[in-house]
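Chain nomenclature is as follows: A, B, C and D, assigned in order of appearance, with residue numbering initiated at 1 for each chain independently.
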């Protein structure tokens, strides 16, 4: 990985969100808009960006704590931080080192990565770089059932410890910005995991609305049903997390099906514009499903303070998407590591000022509701 | 129609609303402001532009549907889509092909057009280009009763299937933007349908406030009364839709008079600044009049998602005004066709993601109220 | 008056508010900021500018009216329009013709002017130009009681028909904008009415905070008390209107003292920043005092629609301040006349579209509350 | 103090907030951002800036007052104005004359200064310049208990009359802006009071997040506990004010511990982003603790009107932070004096217009709640 030492971290980056403006300058316009954009009018994307600021914090004066411990148990594994790298397709779009840079940087920061089905590096290759942290695999169910099960088997064999099945993206969203800039995948970047099944290109790999629409009926017919999910749960030894849940009823269904956890997410505002923010739905969902099931959450997390708020509202952990990719675009693995480091530091500082010695101290009374 | 193949669709148009910025550049300033502008401070116009975003959507995960069907019955006719082209005066202002381009493009997209009384092409000529889709005629009641009935007879004879009587524009609105840019109708563009009755120019043709004010009393004296409406309903075989309804009581009155339907509309914010948005009034009106009368709706529809929301709030179909004209200005008939195509595709995609196989599945629980 | 025919009305003025941007360019910066500015952070001034848009209107479809009549009775006089020109000091700052241009233009539009105590033309000279319309005089109570009564006597003798006593400006507001631009009255512009009493310059003539502060105690000691008001009411044959009322209790006090009317006003946001808008307080005040006392209203009126809303909320008439002065600055008397003409036309159009044949038809149900 | 007469006050400064734009131009970028910035997204800082405008004022017409008296008793001392200069570290960053300029200017305006532990001039030297006004000392509790008590003893000996213990800054906030501009303390500017104990640099002196984080555990272990506060109260003859209180429960605790007063403050939005504004919490806190304990308040005070509102909501006095420093940066002592003078004048003017002859007349009914 040639570039690991090459890049310097820009001196004026003070928080992980600061990577965004660098990424915007570094990336080719179409790539930038593919990554940064949302669907439709981007009203959900905009809501993701502002919803956290609507929740305030409550400082604890002169707290009686000596140490901050951010450890959590997820999937019966010990995670040093309540943070995972969200599954993001085609990371070589951001940087030539792609997923390999990300996984190494995450590992270096004691953070687990969720690898996308649509990774530009194969799941097997990524797994080789796995060191201390458990690796998770994000599954897009394939049109052909055999391919789906083959992917699962490969993930098991490569040592991934859990399966994140994404439910909210049966078809691509209406990503106007991306289309306006005529984004298309460069030849040399491909969904490596799907190469063996190249006949049936994954739905999600399609970009561009018109081709999509032509295929709408076909896509719908091929897209997964709830029965497919319960079959997978029954047939894998991996723990299954269902990603893209935004309603109480879907959360309850996930629990009934025996999922290990759910990921409350609006896919970063990229699928159906107008759906709510994760953070709005989180407390309702937690209240409805109780504490027997893990709840993770993403979409809009940009700081340690955002993480703190998500945890206070009921999440066991969060996932971080674009900021990681902006770090990657700006400074390769160093950028990813720095980005994650900043998040961890900020979370600890927030805990210190709110008097939380451990994650379980982060309760709803530590935040101020809108 | 010379230009039908001439224009290329700009590559960076991803949704029908994107035509607006092209139209703004292509059109002469006064024309642009005549079309784009609203009345007064444009507070109703601005509200039209933002009200849809206040309603969210509810995604349905893993919906069990194979096909999307957007068919509706309006005026006992089968319409492939719950979309009509709104009546817009003087379309040659936007493009030399004017209404002929629009009607052909609409037909090509299986969408019906409502022709304005103030069309720059005569209703008879437009009707010749009618192919598969039913044509509707929008009526401005004329100062001279005979002229009004002559127009109706001509519409009947030319094969129009319904009559949209516009109630909200007895006089022009206070269109400041238009006046600031000193818009006036070019010599070669005329209200062709009214040529036979040229003595009595229609009220609505008048532009410019001061002439209007001089004539205010005369206009008021000549403007229609409710009795005129019921007379027309009794004396035409066409179905009558009343356009410009914004209150429950007017909707009920329309129903009592035996109208086939009403069009909830604020005329695109062009008449009395300060009236509410259609979308706010829609559910109240639907609840008051029940389901025995059709409710159409316009003013501010810019995407398939907006259409979806209007249907969820009680409309049987929507009408689209300015975006069609912006498509026309940008790329003639091709622009109109593309604009309508995008709306249809977006509606289908929204239905797919919300789990609606047919229009009747689009119920209020699919949206999130403000 | 040399300039009466000299100026052309700019072609792109469509409503009276359009004069503002012309005035901003024409006037010397300090003059502009003196006229346009408010006090403090200008939060009251900003509220004045936006509060009217919070109230919507209700259109009446197919109204059964033939004529619009805008006549009102104020001070037992017939006024053709529910509009007066507000008292504005030193109008020669805006245009060399000053108050003489304004009074003539107002007369030409059948509108009465309220002349300020601080006019740059003497009240006697202005009265000579009075033609058809009654003239009103605005009184700032003077430090010296004799001067106050002398002013009243002069107003009576010159034929003014009512006395508007301004209560809200015992001292100048904290007009930061004005001070930042170091506004001071040019030598040749003076408070003509006060020349005879030049020893005791009126409080209100003072500009510049620091001089003001030095004199704060003196100003307070000299400033009027309620007893002074009731004495004046008892000792003049003019009807007395109290200007600057913003609370129910002050409105009731005015009624008890026997005032002919009150003017609900925040002085155009120029005195104490943070006081409410007139339009917010108007309905509460009307409800409290009933209909035995006239209520006029100003601060923020910029269109016929604004006038309509003020009347619907309980006013008998409005006063218009800055727009008139902007018309004056832009085009002298012609500008004032045009400005007032636009307001009248707009009011009539609004009445036509809401189905109001006369001012008494403008009731609260014609508007939509926020 | 070479510069005391050197600087002229810019002519376009009309209120103390106007100094901000001058300071922004005069100061080196990193210094500017260190002073002006807040923590995190600066949402608390932004709230500080706008919260006051949400409260309106109620004018009193024709008030019966002759004089304005702004005197208050704080700490059993007579203060001519309910205003103190807030403790601000390292004032030589703003101007070479630093704290000496500030203390003299404050004295000249009959206003007391609270000197920071982190002053760039020693507490003894500042005390020499003390003239008429009592001086207060702000204490950051030191890692080493002896040093804390030594500081207290020195303050007592130098004649300071009260001790403001800051509770809300055990560690620096996450000041992104400051870090982006790589602020660090210039060599020649130092925490003079802490020189004797140079081994153990105060926590608060540290800038830069990463060093901070490394030391997080150490900082936490060394940071004060409530017991330390009560010990200090028991062992000093100075009155103790606790600064940084934002909750009712902490206010009650302060009262129980025997503090002379509390300072409701969010430290100018510099510590934990997301905490509420002082002004929101003030009335709740006053109501909870009653009137036996003094309540001071800071964070966002920018005008006499802001001071008035804070007093109406329950404060006995306010502290002003950044504006004073901006005055200092712009024009040294003259700027500070002018800044304070403007605040005093504005407060008096506001009192005059609201009919308050003395501070005790400033009651909650004089303001309009949001």
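A few points about this structure:
To be clear about the criterion, contacts are C-beta pairs under 8 Å (C-beta built on N, C-alpha and C of every residue); 3 or more make two chains touch, one makes a residue touch a chain.
A quick map from chain label to UniProt name: A, B, C, D = Alpha-hydroxy acid oxidase.
Since this is a predicted model, take the numbers as computed values, not measurements.
Chain centre most remote from that of subunit C (Alpha-hydroxy acid oxidase): A (centre = mean of CA atoms).
To overlay subunit A (Alpha-hydroxy acid oxidase) on subunit D (Alpha-hydroxy acid oxidase) by their CA atoms, one rotates by 90 degrees, a value rounded to a multiple of 5. At the interface between subunit B (Alpha-hydroxy acid oxidase) and subunit C (Alpha-hydroxy acid oxidase), two copies of one sequence, fewer than half of the residue numbers in use appear on both sides, so the contact is built from largely different positions. Note: centroid distance subunit C (Alpha-hydroxy acid oxidase) to subunit D (Alpha-hydroxy acid oxidase), computed from Cα atoms, is 43 Å. One simple way to say how far apart two chains are is to compare their mean CA positions; for subunit B (Alpha-hydroxy acid oxidase) and subunit D (Alpha-hydroxy acid oxidase) this gives 61 Å. Touching of two or more other chains is recorded for no residue of subunit C (Alpha-hydroxy acid oxidase). Per the contact rule defined earlier, chains pair up in contact as A-B, A-D, B-C, C-D.
Of all residues in subunit C (Alpha-hydroxy acid oxidase), only 40-41, 43-44, 167-168, 170-171, 173-174, 176-182, 209-210, 212-213, 216-217, 219-221, 223-226, 228-229, 244-247, 250, 271-276 touch subunit D (Alpha-hydroxy acid oxidase) in the complex they form.
Residues 11-15, 18, 53, 55-59, 61-68, 303-305, 342, 345-346, 348-350, 352-354, 367-368 of subunit C (Alpha-hydroxy acid oxidase) are the ones that touch subunit B (Alpha-hydroxy acid oxidase) when the two sit in their complex.
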